[in-house]
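The structures come next, written out as structure tokens.
Shared chain: chain A. Partners: chain B in the first complex, chain C in the second.
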Partner chain A sequence: MAEIVLERLSKFFGPKRALRDVDLRIRDGEYLVVLGPSGAGKTTLLRTIAGLLDPDGGRILMDGREVTRLPPYERQVAFMPQTYSLFQHMSVWENTTFSPTVKGWPEGERDLLAREMLSMVHLIDRREAFPRELSGGMQQRCALARALAADAEVLLLDEPLRALDARLRIELRAELRDLIRHVGTTTIHVTHDQEEALVLADRIAVLRNGELIEVGPAEMVYSRPSSPFVANFLGEMNFFEARSFPSEGGMVRLVAGDTNLLAPKREGLEGTVLAGIRAESCGVQAQEWAAGQGLEGVVKRRLFMGRRISLEVQTEQVGLFKAKPLTAQANWVKEGDPVFVVLPAEHILLFPVPKGGVAAALEVE
Partner chain B sequence: MGIPESPPEANVPGAPAHAAATDRRARLLRLVSTRWSLRIWYGGIVGFFFFLVLLPTLFVVGYVLADWGSVQTVLADPTKSSLILPALWLSFGVALTVAALDLVAGLPIAWLIVRHDFRGKSWFNTLIDSPLVVTTAGLGFSVVLFWGATSKITQFPPGALGLTSSPFLILVFLHLTTTFPYMVRSLAAILEEIDVEYENAARAAGASRLTAARTITLPMFRSGMATGLLLVLAKALSDTGGALTALTLIGAVDNNVFNGTGLIGTWKSRVATDPALQPALAFVSALMIVLSLVLLVGVKYIAVRLKIPLRRVRPKVERNLSHGAFPRLRDIGAMGFLVFFILIPSFFFLTFLAVATPSEALDWDRFWRAVGVSFLIGGVATAIDLATGVPLAILITRGKFRRFGKLLDALVNIPYIVPSAALGISLSLFWGSQKAIVPSDIALVTLAHVAFTFPFVVRNAVGALEQLDSATEETARTLGARPVQVFQRVLFPAIRPAILAGSIMAFTRSLGETGATQAVSTSTETIPLLIVNLIIKTKDYYQAALAELVLLFVSFAAILGLRLVLERRRGHG
Partner chain C sequence: MPRIEAVDLAKRFGRITALEKCNLTIEDGEYVAILGPSGCGKTTLVKLLSGIWTPTEGRVLVDGKDVTDLGVEDRDLGYVFQNIVLFPHMDVWRNATYGPWVHDRAPADVDHVGKEVLELVKMLHERGMFPRELSMGSQQKVALARALANRARLLMLDEPLSALDTRVRLDLRYALRRIVKDLGLTAVHVTHDQEEAMSVADRVVVIRKGRIVEQGPPERLYNQPQDVFTANFVGESNFLEGAVRRIRADWAFVELRSGYILRVPAKGLLEGDPVVLAARPEWLTMSKEGFGNVIPGRIENRRFLGATERLQVRLFTSDLVSVDVPASQSLNTDRDVMVAFHETNILVYPRPYAGLQEALKLE
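Here is the complex of A and B:
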């Protein structure tokens, strides 16, 4: 177990800057998820920590010991790549004992550890099997057992669930979390799937274009994101510009066209602001029954998604607006219906108006 | 090395010797895993390649340029210069003709092997490869026996055709047998890689079988064709023993008609008595080296840019050609070619054993000595190929400097495409003044064999390494494996089959070589040289055929043995 500190870590690929001065402290035993779109530098970050890439600037410390220039085999890390890279010519048992063997452990200790890890991932009965004989889920668990048996201080997981089909992914998500919590290894897990990040993480670090733009506990990052980009990346958002006026009880009054809306106040924001609300936080009502604050509009498109219904509503004040109410509450809505979109005050987020426009602020490189 | 790692102490009471050994091993492992020792190791490998393989191969070109004056005396002497142009034509003209024929006939057979399943397929595969086991000198004898009209052979077995005495045709027939397996193998290897789904998609979109194959699959394996063509050209250009045997038997040598390597071989055997031939020898060698390099670049260039006519599709014609008589005729034609032009001519010499009156018994001592020398040279050369070729392949595919890797990758082909007789001349000129470094003829011959067999191991290893996801090694490294351990436990086991295939190719190529051996040393008698000498010098055809037959068994046994040894080790690995 170890605390990892990254100091102004940067990495170039030719002229392209893959990591920009990343500062990050990962606590001992913490499960940190690095979230970001493809090409944000997530894998580069992981590979740099593993020692597979040399950074062009900055330092990496593990428990205060600098490891920036150490080769991978002297770092006490265990890296699990997207495709697992199980050694095809070795059995499950040989894969699991690989790390202790190359590190020259006594056989007794090695076997004890490998046996325990394989029992934990329920593969002890398949220890003679070869990777190609295993299902996708088993391969994933075998790779995990191999990484854990390295007895590394840090576990680096690169999209560990990506290669699995949707149901299995959700099943193994919980299993992965319990297992690693049980072992207690400091873990850095990289993904582009925000749901996976929210479920697994003690803290989420959001990476965009090589830059670390936000770090915080999962719920905090979800409900109080610091930028429109992070807000949108963690769940589909509606954005509109509004003028804000002081109000009572820690609230502000927003004016957009002829509509007045209340929203929680955010310190330091005045005048014109960018307001945002998640599509799934918006409810829908028939216009004649309208209550609370919201916007009137006409349903342009309706998509049935199972538990929720996805609606695109044309409003006069802020244009096209997306709402994803629960099916149970909105199954009566048809395309062409006039509706009232409810915007609960506590779910409205405020941001400064981005200089380059909203589209640029949300752009995924 | 920064901080020394601290593995859990080995707590084995009463086993201090064991612990000491483990400790020593760990220290050794640490030493060979430092960045510096790796750098020195790789530097040594690259140095080996440049100074012991590449430079000696190309040395003769510089030698000729530096001594242009004596070349001019050669050119002024019509008894020598008049032989050169026809010889080059016989080498390059024949090689190009053979390459074209191989391509046309090899395509349907490769297709058959890859896209069809039939009983006895592995036997069929072995059958296609079988001519490789006969030495080219033996093939030269066998081909002339089958096709040739000559007065040199008095006892023709029944079935001999006696069709031609044209040196060009005889050489084409000869080299079809020596090269066809290479073409089929490289085409099949690439075809195997191409997903049949592309063709299915084209056919689902309404294309006929022929249209789909022609417009979709064929353009995808240009690179396979280039590899096949280069292998065939190199083999046909390099052959000395077969060509010299065939040309002698057909009576062409008596009329002073040679191919390039035959000319080199003949002049080399006379240079001891006629030193004036030395510059002529160097000149022809340099010329062949330069021309084959031009060919190498040309084939690569054409393969990339070649446009197989795609635009015009005649749906009706192609549909009609896609089923019914045409495909059957094509397959029958290809099979007929295989049997009639490759298999029968290759093994026709066996019939000679049945009809010929046995001459005096073969000198078995001499035979087994030659076998020993051949296996020694082939074995040592293959071992050197492995020790240097595999690290070079790693450097090419996994090195930090991509461009340098690509350059190395291209340069590796040079010793391969260069005719081995010319390579031998170059090599002996290069080492000629440095007897102190290479003490014996056999060592020098081995070096020559390393030069032209080296590319087989490197090519195969590079191919396998490119297939292997580098994440596999990276994972091993993060799991605590040092570079040496990554190689030993992860990389090598994964590419072992490809290395095995490359070693077998290198070994058999060395066993069959005549030209380079002859060009380097006149005293070393390897098995193919023994057969050449029996046929050309003493005209003991019966003994030659007998030696060839025994050699067939020895070679099969050797390949089988090698396979067994390497596969058993795999079981332990």
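Here is the complex of A and C:
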């Protein structure tokens, strides 16, 4: 097991800076998820830690030992790339047992380990198959089993669930988390999927344009994000400008058009602010039953998504508003219905108004 | 206007059956999603419907006319693939207008069609850009524009969003449905993503192991799935095995392990029937009462899911169930709780002969 420290890690590709002075400490046994849009530098970060890319600046320490210039095989890391890199001439079983065999594990123990890993990824019945006989999702699961069976001190997983069917992905991510927690391997898992990050991570690190812009426990990054970008990346947000006035009990009063809303106070913010609330935090009621604080509007679009219903509501005060209430609570809503969108005070987030405008602050790249 | 029918359509590769006798009608102007795990035969079905593959048995009718022996190039349809196939050396405009252009349409026509389809996918401003300069999402929009440009009334979408990032995928779902509905097209959309299927389609067809398991409007499929596989595959469910102990009026009293009893609608059940009860995590609630349709248990695990929190509760029946509660309703692990089941929100299935695990298996 190992603690990893990154100090001012930088990487250039020609003139383009892929990583900018990344400082990060990953605890021994921690499950860190690196989240960010495509092109943010996530894969570059993993490849640098794996030793497959040389950084242009900064240091990498594992358990206090500097490994910045060490070749990959001297780092005790197992890297699962997005391309899987399975051995094409070896079966699923041989791929999975490769690393323990090379390390000279006793056969009995090796087989037990491989069997356990292949069962977890639901490939035990296909252990005789060769990679070319497997679907993309199965190849990915085989690569995951191989990485897990490598018994490394550090696991580096690059979008390990991306090629899987939606339903299987949900099943496997829970199992993956339980298994790695149990084994206690330090893990860095890269993804662009916010739900995956929330479910798996001890801490989430958000990368944008090569910069580490936020790091914290999943609940904190979700509930108290430091910027509109992070807020929106962890769950679709509604943003609107409002004037903020002092109120009581750690709250402020927001005025947007003719609407008054209470929101938790944020130190150092006064005057005009950017207020935001997640679509999934908004409830919906019939206007005649309206209670609590919120906005009146007319439903322009309704999309059924299963667990939730996705609504776009045209409001007078703040324009088009998105709400994703649970189906059980909003099954009755139809397009054209007048509704009351409930905005619970505790879910409203406040930010300074971004200088370049909201759109630019949210731009994925 | 295209109405497509598959009549006893089947495809075998040697001894492997990719699709068993399949009967399906897709109405004119309907948006149908074909949903299933990988390897279930959904891609086979759409390839047979489009004429890319020839069926081993059965026929394909379009508006009542037998087209089984026509190749894809002789059918009037647009096709969008999972892997985005654009001509890399052509800009957005040339890619989008490729169809009308090779068909020697008048330049004014080509111009008109190009503007219309690029406007539809909101890519007209990027008309001079090359594929490599575009994000994956934008590239797929151009591929869609190109499929629309041949003015086919039938659109085949083969995992069109699977290669894209989650967020982009969500935005494109809306775009796809809007375009198909605005143009009044008939669309067949293959996907493994249940949420995607439910939010784009008028009707979802669930396929497993080469057979249609169930089909229906998205809301029915989610709220009242008729098949136990669907209950698990389309959205998550908790399953509890038991047997009908007694029936009183409209209610059946189902005995679970350790003697706990739940009351469920009796429709079609007989005393003694082995059954499987299913309930979605968001249908269950925490109760303060110790009586009624509740089962005691202990919270083993909590998982933060954003707006909701998922509690894993080990019921005293020894079943592990997931319960979604608002994230603000904080409950600690190792706490004893009452899980409430709501009579109208319990699905009841006959217990599958081959066992529950086998019936739920994804592949």
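Keep this in mind: the second predicted complex is superposed on the first by the 311 of 365 C-alpha atoms of A that agree within 3 Å, B and C clash if a C-alpha of one lies under 4 Å from a C-alpha of the other, contacts with A are read in each partner's own complex, and residues count from 1 in each chain.
In the analysis below, contacts are C-beta pairs under 8 Å (C-beta built on N, C-alpha and C of every residue); 3 or more make two chains touch, one makes a residue touch a chain.
The shown structure was predicted, so the numbers you read here are calculated from the model rather than taken from an experiment.
Chemist: If we overlay the two complexes on their shared chain A, which of chain B and chain C does A:346 touch? Say first, second, both or neither.
Modeler: In the superposed model, A:346 contacts chain C only, not chain B.
Chemist: Tell me the contact category for A:64 with respect to chain B and chain C: first, second, both or neither.
Modeler: neither
Chemist: Report for A:326: first if it touches chain B alone, second if chain C alone, otherwise both or neither.
Modeler: Second partner only, chain C.
Chemist: Could you say whether A:271 touches chain B, chain C, both of them, or neither, answering first, second, both or neither?
Modeler: In the superposition, A:271 touches no partner, neither chain B nor chain C.
Chemist: Which partner does A:235 contact after superposing on A: first (chain B), second (chain C), both, neither?
Modeler: second
Chemist: For A:150 in the superposed arrangement: first (chain B), second (chain C), both or neither?
Modeler: The answer is first: A:150 touches chain B but not chain C.
Chemist: So, does A:14 touch the first partner chain B, the second partner chain C, both, or neither?
Modeler: Neither partner.
Chemist: Applying the touch criterion given at the start, work out whether A:83 contacts chain B, chain C, both or neither, answering first, second, both or neither.
Modeler: A:83: touches chain B, not chain C.
Chemist: Contact residues on chain A for chain C in the complex?
Modeler: Of all residues in chain A, those touching chain C are 37-38, 122, 135, 137, 165-168, 170-171, 174, 192-195, 198-199, 218-219, 222-223, 234-236, 278, 280-281, 301, 303-307, 310, 326-328, 331, 346, 364.
Chemist: So in the complex, the part of chain C that touches chain A is made up of which residues?
Modeler: These residues of chain C touch chain A: 37-39, 135-136, 165-167, 170, 173-174, 177, 192-196, 198-199, 218-219, 222-223, 233-236, 280, 282-283, 303-307, 327-328, 345, 362-363.
Chemist: Give every residue of chain B touching chain A within the complex, in rising order.
Modeler: Within the complex, chain B touches chain A at residues 1-3, 5, 7-8, 10-12, 22, 26, 33, 35, 469, 471-472, 474-482, 485, 489-490, 493-494, 573.
Chemist: Under the definition above, what is the set of chain A residues touching chain B in their complex?
Modeler: That would be residues 47, 50-52, 65, 69-75, 77-83, 85, 87-89, 98-99, 102-106, 109, 146-147, 150, 156 of chain A.
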